[in-house]
Amino acid sequence: MTDDLNLKDSCKIEAATINDYRRKLPQIADTIIASCEDETCYTHIDYEPIPSKASVIDIIERFRQILFPGYFNRERIDPVNIRYALGQATAELFDKLGEQISHAIRHDCFRYNQPCSECEENGHLTALEILNAVPALRKILATDVSATYEGDPAAKSHDEIIFSYPGILAITIYRVAHLLHNLGIPLLPRIMTEYAHGITGIDIHPGADIGERFVIDHGTGVVIGETTVIGRNVRIYQGVTLGALSLPADAGERLRNQKRHPTIEDDVIIYSGATILGGDTIIGTRSIIGGNVWLTRSVAPDTSVILESPKLVYK
Amino acid sequence: MTDDLNLKDSCKIEAATINDYRRKLPQIADTIIASCEDETCYTHIDYEPIPSKASVIDIIERFRQILFPGYFNRERIDPVNIRYALGQATAELFDKLGEQISHAIRHDCFRYNQPCSECEENGHLTALEILNAVPALRKILATDVSATYEGDPAAKSHDEIIFSYPGILAITIYRVAHLLHNLGIPLLPRIMTEYAHGITGIDIHPGADIGERFVIDHGTGVVIGETTVIGRNVRIYQGVTLGALSLPADAGERLRNQKRHPTIEDDVIIYSGATILGGDTIIGTRSIIGGNVWLTRSVAPDTSVILESPKLVYK
Amino acid sequence: MTDDLNLKDSCKIEAATINDYRRKLPQIADTIIASCEDETCYTHIDYEPIPSKASVIDIIERFRQILFPGYFNRERIDPVNIRYALGQATAELFDKLGEQISHAIRHDCFRYNQPCSECEENGHLTALEILNAVPALRKILATDVSATYEGDPAAKSHDEIIFSYPGILAITIYRVAHLLHNLGIPLLPRIMTEYAHGITGIDIHPGADIGERFVIDHGTGVVIGETTVIGRNVRIYQGVTLGALSLPADAGERLRNQKRHPTIEDDVIIYSGATILGGDTIIGTRSIIGGNVWLTRSVAPDTSVILESPKLVYK
Amino acid sequence: MTDDLNLKDSCKIEAATINDYRRKLPQIADTIIASCEDETCYTHIDYEPIPSKASVIDIIERFRQILFPGYFNRERIDPVNIRYALGQATAELFDKLGEQISHAIRHDCFRYNQPCSECEENGHLTALEILNAVPALRKILATDVSATYEGDPAAKSHDEIIFSYPGILAITIYRVAHLLHNLGIPLLPRIMTEYAHGITGIDIHPGADIGERFVIDHGTGVVIGETTVIGRNVRIYQGVTLGALSLPADAGERLRNQKRHPTIEDDVIIYSGATILGGDTIIGTRSIIGGNVWLTRSVAPDTSVILESPKLVYK
Amino acid sequence: MTDDLNLKDSCKIEAATINDYRRKLPQIADTIIASCEDETCYTHIDYEPIPSKASVIDIIERFRQILFPGYFNRERIDPVNIRYALGQATAELFDKLGEQISHAIRHDCFRYNQPCSECEENGHLTALEILNAVPALRKILATDVSATYEGDPAAKSHDEIIFSYPGILAITIYRVAHLLHNLGIPLLPRIMTEYAHGITGIDIHPGADIGERFVIDHGTGVVIGETTVIGRNVRIYQGVTLGALSLPADAGERLRNQKRHPTIEDDVIIYSGATILGGDTIIGTRSIIGGNVWLTRSVAPDTSVILESPKLVYK
Amino acid sequence: MTDDLNLKDSCKIEAATINDYRRKLPQIADTIIASCEDETCYTHIDYEPIPSKASVIDIIERFRQILFPGYFNRERIDPVNIRYALGQATAELFDKLGEQISHAIRHDCFRYNQPCSECEENGHLTALEILNAVPALRKILATDVSATYEGDPAAKSHDEIIFSYPGILAITIYRVAHLLHNLGIPLLPRIMTEYAHGITGIDIHPGADIGERFVIDHGTGVVIGETTVIGRNVRIYQGVTLGALSLPADAGERLRNQKRHPTIEDDVIIYSGATILGGDTIIGTRSIIGGNVWLTRSVAPDTSVILESPKLVYK
């Protein structure tokens, strides 16, 4: 199946010194370079800079320092330096965010052969809009933290939640990425949420629309799809999927930009391992979805849905 | 729902140069700083240093270097330098651990307005106690490694397990964090286990009580709650939840410090995706819990519990 | 249970200054060092260098820069420097890969008391073989990217997939590790795939055999065991396990190197949370396995297997 | 003479492997450690931290960033971030300077067995005083830069002088060190001026007293002794020594704190290689001292002193 | 004289805690920032980036790696990677050099209010010209190395000279800076030669014109002025000054761009401490200038000039 | 003279974009690479590693940490960790020193086409010998520090001398380099002393032979030649040269390994700017050489030599 990659037999080099091997490198490098010109090789060989994943992660870390001042800064923040530290952080964030947004816009223009005379300016204008939203972001994140604390007996303090809860980290990054997504910026929002996915196991697409007081407990394995809509005061547990119904092989083209993921109304709780699928599926307000439930149709408000006691065999 | 964050229309800035945008930053920064004084913004603005997540991670890495000498050190460890390397590592760990524990204690005193005259001293005393426990920690971790090797046909060597198994990494960090938790240190234990959660997908609360020869295979999605008790020689697979029964919205206050998670006795195996909930649920010794089983009541010793053959529809 | 680790009572040190605590460190260090000589402590105390996890991760990052030129490089890659950048990257990768392979081989020889006169040379010969496979690797990875794009409505571009999709990251690392595994190199392949596991939650054993156009969507919680065989054009979702049947406690020795994991033929789709177990289990070509299905027997080609509508209780 | 250091014959080790050599290291290390207890070995083995040379250099670099905003900062300084950047720099400098001054004071107390209850507080009070002097420091340094530009045809701009002239660098560091010296801080002032000496070849003792508009051209080999007094508008060239008369072997004790170096009044020029010695030597205002002149007595105001045309032999 | 900087008395702060001191910082920072608006403070507060000293030093190090391949590279250079390493180094140097030259040109335009529409393009064009000159630079530097080796009994090999001789380092940097100077680039050439001055004590103005086979032995204290002309095969020792005659206080404006420094013809040797001054002074070919000689007039070819045996007093 | 480097006219590139310039780089790189094959280009293109200047500097810094424990370490050294810190430092120094010595020896064998079967072993054997000499080195350096303190009224403490005096830094590095020189190691000793030369302006050839209680005050411009012999208790000032008589152009070959530099007997003082030349010149014990004296013949013991009062012209 993958025979072409099994090299054991094709390589019958006699015992030789390492430098003899090394001398073969230019020829190998030539082959590697030549294989880039093939259409089967994805490359980014261009005079224009592309977005940098490392820079995007750096931007996220700066956002966290501004959104929760004092928790994630290297230097202590106190009443003396708060003004300087946040001011400087804001100015640096503007520069770096503006630069990466510009790269992302310009890259898109380049891919689609569009003129790009205002890419750089638009990048910085967008950065400005994002910074304008920081107070509102802080406010909604504070509701997420409060709701998490109120519902979790294992949480010792708000500090513990902000410092260490993966749910809050994933939601913070999602809320920033969602702003960028709404402003039509390509690439960056998804790089951000996949960074969150990598370190929390929580996969929220930046296109999802999520209200305040949102809680994700434990979180590993949570999937929230692109067109999901979630109201306020919703709580979900590890392994919950808010996804699309089964997709045809060519779904990519046919279903792009259609509503494929469910709507969760206010005050709903969804326990671990539950799967809710489909763009027409609506979970009514105040409903409770039990663990491992698999739902592809709507549920009226104020309903509890649980699996019928699963039949267990005891031996 | 999240309209307040949709900035597209509110921002009608005419075409301008980037520097024009930049000149708006001081005003934005002022708004950001002002919004910190609001009660809806969580901040840590204080003259006293707080625990540092980066330092806690550094402490964990040093523990691993001491607990498994030679595997995770940058420098080669050999019979010549073992004494110096471990001695130096111990002294450095004492300083760094003592410092972070002191910060954590002082921060707690500050939050609760308690006197803190001995915070620094207590921090270092606690660090000393932890270091005293290193030989015992090593001993119990060696049982975890052995048990993992004995039960896993895919493991090629003990080295492979120590180097790369996420289960061993998560258990190592849990065992260190559990020591700190038992000594009443705030914040640090949870930062440690959430760090493990982030890189292994295994979420063990530092308050859980777990015996020797503990094995977690694959591990992603495992959740072990705060008041769980696990005996010796227990083996669990990916996606296993040892959790609490469904919680009321105000569970945070009402259930804090009550036993909410199950007890697993010696020699139990729990297969992937199983969910065991409730503080009164006891899985008796030598029992086997099958994959995806959902349990909220106790199981007698020497019992196998499996899902009744799930009804599958073939089309 | 873990009483020996509860230090609260055993440590009755009187009030003292930090430096008094510090003076106890040499004695503690001596105890820590002495406990290394015990058989219950795993150490790597040796004059020979062992593989370094940090170096292996560095090697993976270099591979990604060569396999997808321009996406993950720090410097921009353009038609002017592509030749130099890839040439230099190839030469550096040869050195670093050769070194780590040599360490891994030598470490194995040392563990099993075998002569090791050609360890270093073999390490570099193997590195050469791996580099020779880069064009083939690129080709098969390009099929994985295409298949991902074609099936995912949420994917905006190939760039977004390469930059941020955890499935592609895990498959890339798996394909490199699989080459090393096939050439019989110890330790490194598993360190590589566990690194991928850590940042994607996708656990593919390097021994698995996987065909082209392989897609993993979302991915967290996916487990693909050592002896799994997967055909071409297979698509799997988060939480899918391709595993072994339940294992006896001494499975490690008894089942090593036996086929214990299933075979998935071409064009199969496996939805989220499905579990397929056993070395004799074959999923026939073009079959579709529904979400949460638990299978331990074979399925004929062109079959859809879904859970009978789970009985839900609405209250 | 240095026979004890010639090791060739004393070391008759037979051919052996490197690891055999390595095994001798513990014994050598023991000897090295034991030789520390000897009175012939200078050590700083103490529980209290000592000043750190690296930190002092870091402090100097921060001073330069504050004294000449925009020239030596990593980030661009513009009207938008000047306030944040300088504010933050000031707060950080306060912390670091206060810490190092505290270490220096405490170290001195320790050396002389004095009580040190207020060392830390005094350190930070002194740091505050130094920061209060920054505007005055800037003002006097601006006169030094102007005077340099006015007298040097090779200077293309004030920028070139600030960026690259070693004279300005040495004078900047001297002026900071002199403040610390005047406030009685041990160790730090000399570490600062010797850092300047190392990178400019200009050796100004922090105790010297130097007026505004001071110019050092080229500068390598300039020596300005501890009790030198220099007026305003003085210009000196490379290789100029303002030193003490020849000293007895026990000068250290006998002459400490006496005026041993000359006084240079306003508007004096001293050309390259000139040597002026002695605490009673006064160079009167507006005098010019020619190249290589060697002076041990005073010179009246408005005098030119040059070497009688040196007799040269032409062959 | 510098009373305004003596703070001892002016600062009568009562005993207070460190945090009380800290709270005074905002006021101090405000004063520091306000004092920037004064004309007595040199600042670079601008939206345009200025040349960065660190970048210029980085550029020099890259030049050395290209001019003497293999001596100063971090990675080994061998026949396999020479092509990639030098190619990549050339491309990187082009980018960094072009950027810094652009900053320098733009800064100059800004200082003199000139239009700057082609600053960036001109910067990169100049960088290209400089790179074109690398083979010629290498050739002339090779003559410098040869001449150094031939005349120095203490030199053990050409390698030792290239690795460690400050004369060769200073000449290398001068030759690069001279190219930039000839192309009219501001700021950068002087930053380069003052960097050399700092680490070698050899101060060669980038405007000097120096022929091949140039040797500086030991070198500390050597000064070579802006309008000096030096022929081929000239050798000078430590402490030699090739300078201007004494300058009036307003020399800066009056003498800028006039020839003020001597001309040294081919095959001349100048021993340590000699001083040769004046724009009309010509040292004829094959002449030898003895140690400490002070010359302000021309010397015919084939002349030896030595100090008349200095009269020494023996006591 | 240097016309070939003046590029202004030869480069008539029309206005073009930066990327057009960039496209010319491959051709330039080819020319640069081709010019390496010329004999006029010094390169180190070889499969064998060469000594690394950065590593040698690292070695020196480690030596200083071992020779003066606690002064130059990053971590505080106290009675608790002194044993570990010095032991670890000794082991690391052995590895790094052995490696660099091996590279230096092997490089020499390669240059002179000699067999090199024991280069690596000899390198480590030599490292061992050097480490054996550390206690003796410490002892002699302690005499240098004491003598410096006794003679310098400006020295406030031994600490100040060890921390900041360039004379002690240069002598420390010289004494280490001299050991390597005596053992016949190529390249490294000179790289070490030229490093000291760079940061202190004091140029001591590693071949010089210097007794205990050696003092260099200020130091900039001091030159001590390869075959100089200096007794005990000698003190010299800035700008002193102990050199060779004037050398013929082909001195390199003719005079290598002959005694060309003076002998200074015990208890001599040499004031600033004095020059003493010639291999037969002996300065007798207890003599004093005045400032700027130029000596090419021997001086009997107990003699003071000063310049006859230089005739000064007062105008």
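Order of writing sets the labels: A, B, C, D, E and F. Residues in every chain begin at 1.
Quick note on the criterion: a residue touches a chain if its C-beta (ideal position, glycine included) is under 8 Å from a C-beta of that chain, and two chains touch if they have at least 3 such contacts.
Remember, it's a predicted structure, so these values are computed and weren't measured experimentally.
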item	value
Steps needed, at minimum, to go from chain A to chain F via contacts	1
For chain D and chain F, chains touching each	A, B, C, E
Chain pair repeating A-C, as identified from A-F, D-F or B-E when over half of the contact pairs by residue number coincide	D-F
Separation of mean Cα positions, chain E and chain D [Å, integer]	22
Chain C and chain D, separation of their C-alpha mean positions in angstrom	56
Chain A and chain E: spacing of chain centres that average the CA atoms, whole Å	51
For chain D, residues that touch 2 or more chains besides their own	22, 25-26, 29, 47, 78-81, 83-84, 87, 90-91, 199, 201, 220-221, 239, 273, 292, 307
Pairwise touch network: line, ring, star, complete, or other	complete
Touching residues on chain B, where the partner in the complex is chain A	1-2, 4-8, 10-11, 13, 15-18, 21-22, 24-26, 28-29, 31-33, 35-36, 38, 40-54, 107, 111, 186-187, 190-191, 194-195, 197-199, 201, 203, 205, 207, 220-221, 223, 225-226, 239, 241, 243-244, 246-247, 249-258, 260, 273, 275, 292-295, 299, 303-308
Contact footprint of chain A on chain D as seen in their complex	75, 80-81, 83-85, 87-88, 90-92
Contact footprint of chain C on chain F as seen in their complex	22-23, 25-26, 29, 78-81, 83-84
Chain A residues touching chain F - in the complex, by the definition given at the top	19, 22, 47
Of all residues in chain F, those that touch chain D in their complex	66, 68-72, 74, 76-79, 82-83, 86-87, 90-91, 94, 98, 118, 120-121, 124-125, 127-143, 145, 149-160, 162-166, 175, 178-179, 182-183, 199-201, 209-212, 218, 220-221, 229, 231-232, 238-239, 269, 271-273, 288, 291-292, 307, 310-315
